[in-house]
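Right, I'll just put the structure down here and ask away after.
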Amino acid sequence: MTSRLDEYRTYRSQMNERIFQIDHRGVKRFFNLDTAAYQDGALDPKTKELLGLVASAVLRCNDCIDYHLIQCVDAGWDDAELYDALNVALIVGGSIVIPHLRHAVETIDLLRKEANDGS
Amino acid sequence: MTSRLDEYRTYRSQMNERIFQIDHRGVKRFFNLDTAAYQDGALDPKTKELLGLVASAVLRCNDCIDYHLIQCVDAGWDDAELYDALNVALIVGGSIVIPHLRHAVETIDLLRKEANDGS
Amino acid sequence: MTSRLDEYRTYRSQMNERIFQIDHRGVKRFFNLDTAAYQDGALDPKTKELLGLVASAVLRCNDCIDYHLIQCVDAGWDDAELYDALNVALIVGGSIVIPHLRHAVETIDLLRKEANDGS
Amino acid sequence: MTSRLDEYRTYRSQMNERIFQIDHRGVKRFFNLDTAAYQDGALDPKTKELLGLVASAVLRCNDCIDYHLIQCVDAGWDDAELYDALNVALIVGGSIVIPHLRHAVETIDLLRKEANDGS
Amino acid sequence: MTSRLDEYRTYRSQMNERIFQIDHRGVKRFFNLDTAAYQDGALDPKTKELLGLVASAVLRCNDCIDYHLIQCVDAGWDDAELYDALNVALIVGGSIVIPHLRHAVETIDLLRKEANDGS
Amino acid sequence: MTSRLDEYRTYRSQMNERIFQIDHRGVKRFFNLDTAAYQDGALDPKTKELLGLVASAVLRCNDCIDYHLIQCVDAGWDDAELYDALNVALIVGGSIVIPHLRHAVETIDLLRKEANDGS
């Protein structure tokens, strides 16, 4: 059975490929710049992914939340830390963030399940 | 001469006092919860203030940016780290964040100047 | 057949249960504060739910719109009053609110149908 | 001495006059529709102004907050009711609304002072 | 097989019909004003649809993006021009716009496919 | 006497210089990408500036509105065309855009006055 995370990954990767095929110089440079923003700098990538998660949560974008949660779990943040970051997003962004908190908590559970199933 | 940071601090503190005097139970509990969100938990306060800064920047609120920059400088983030966090906000939020980036950079400079003048 | 309202209610209740199980002190206090905000105070709960509906509509959150519509119908607002409130949201928020107006009108119809079917 | 409310009123009225002078059919019709949205309908104007206030607060527009507070005070909402409505906005919109809550509370105080000075 | 564009068109047209049946004077006037905003004026309809597209993209509303893309393709904008407009939206709105860029690119492909299949 | 447009230009240019002096690679590349987005491509620069204006208006950023109005006037858009574009922004974004419409109309008048005074 395909999980919603797999569907998201497939769609994201198909459409990114399509966008690169279009070959718009500005769009491609933006995608590169976006990738670069989370690489090692004055801050380490792990911290930056958490910043990306909270930014995505207060701006209320489920796809962006999923993307950064995948990266955050990869980077080694544990559940308690992710919940604590999401709590900051909840306080800053208010109850309008709650549906996205539900989505984020579900995504974390799905990611942990994937890791367990794959082990 | 009063800097814009001093004006902000004075106004913020006067109005917070006024709001506490009003004594609305829900509002007061929200203010307490807001304070608590940045205290030690699974994440340390220093990390949480940086999350608060990025959330404020992508939501484009200068007063919130100033508040979290004051806290971030207090918590020990250096300029390069703050710029790197603001770069994440810029990429996530786009060019509409630029006027707030200008404001944030000016605030960082003002805070460092205050620290130097006070030493 | 399960309506989209039933799906929403089930998902919302499952994920809220999961969130309470996580037991993050800040998140739990926020949920309590959120509930308290719509209880009797200087304004009555019925008025507050209408405020919550309009806030949800201008912030363009379908789940929040559904939640507050369920509460508004429970509180006794009739269709004409709900449409008049949604019209305020439409004027304040502009045509970008229209897809959420469609969703809201459909939700109202579904809620009235549920009430009729259940009678 | 001119208060910031007087400055707002003067600027608003000058610029509205300028906008009507421009005589763009769409803009003029929108302004009329905006006025009509708060007039008597299934909901009374007093309730609608409170909806407008909360919508303005969660969308974080100080000028809109001031406009609707002027109308709300005119319509007879007392301070406790206005604070209770602003508390809903604070919960829905989160801490990013706090600077606008400060502004709103100050505006309410200015409006009451005007009423007292004028009596 | 029904494409997601057909589903959108059907839902949109059903719910618009339902909204007109409700016959709220303010809502109906807003819908008329919305239609009028894209008609010939100082700017031609083709330019205005592109403005509507970019506004929808930075405000991150997929239904609105689809609506304006349908209009833009009808008005004669070619793919390269639409991508160039979406690039402006991406720069202004940041990476949070990327999921909507994916959606928009897919919609453009679906619209071109419809045109080819129908020829 | 210094107009608010001159103050904006001075502050913008000072802070941009300060930001370039900081020399954050990501931020600098973003600024370059932002400039490039409005240069000749599938769409001409004149059309793109109008897109930038409408995006800035619906996102409700006065500094961004001023920046794009300066560019739009330079690019040769006349007042009627600018008003027609702002009308699209007003319809898409709703009455919450009105304070920014006032600001934009004032900026257009200031820009035309500058052009006349300088002739």
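Order as written gives the chain letters A, B, C, D, E and F; numbering starts at 1 within each chain.
Everything below uses one rule, namely that contacts are C-beta pairs under 8 Å (C-beta built on N, C-alpha and C of every residue); 3 or more make two chains touch, one makes a residue touch a chain.
The structure presented is a predicted model; accordingly, all values stated were derived computationally and were not measured.
Path length between subunit A and subunit D in the chain contact graph, taken as the least number of steps between touching chains: 1.
Rounded to a whole number, the gap between the C-alpha centres of subunit B and subunit E is 38 angstrom. Taking each chain's centre as the mean of its C-alpha atoms, subunit C lies 27 Å from subunit E. Subunit A and subunit F have CA centres that are 32 Å apart. Distance between subunit A and subunit B, defined via averaged C-alpha coordinates, is recorded as 24 Å.
Shared interface positions of subunit D, i.e. residues touching 2 or more other chains, are given as 26, 30, 33-34, 37, 41, 55-56, 58-59, 64, 83-84, 87, 90-93, 95-96.
If touching chains are joined by edges, the resulting network of the protein chains shown connects every chain directly with every other. Of all residues in subunit E, only 58, 90-97 touch subunit B in the complex they form. Touching subunit F in their complex are the following residues of subunit E: 33-34, 37-38, 41-43, 47-48, 50-52, 54-56, 58-59, 64, 78, 80-81, 83-85, 87-89, 91-93.
The part of subunit C that touches subunit E in the complex is made up of residues 60, 79, 83-84, 86-87, 90-91, 95-96, 98-99, 101-102, 105-106, 109. Touching subunit C in their complex are the following residues of subunit B: 25-26, 29-30, 33, 36-37, 41.
Interface of subunit E with subunit C (complex): residues 11-12, 15-16, 18-19, 22, 24, 26-27, 30-31, 34, 55-56, 59, 61, 63-64.
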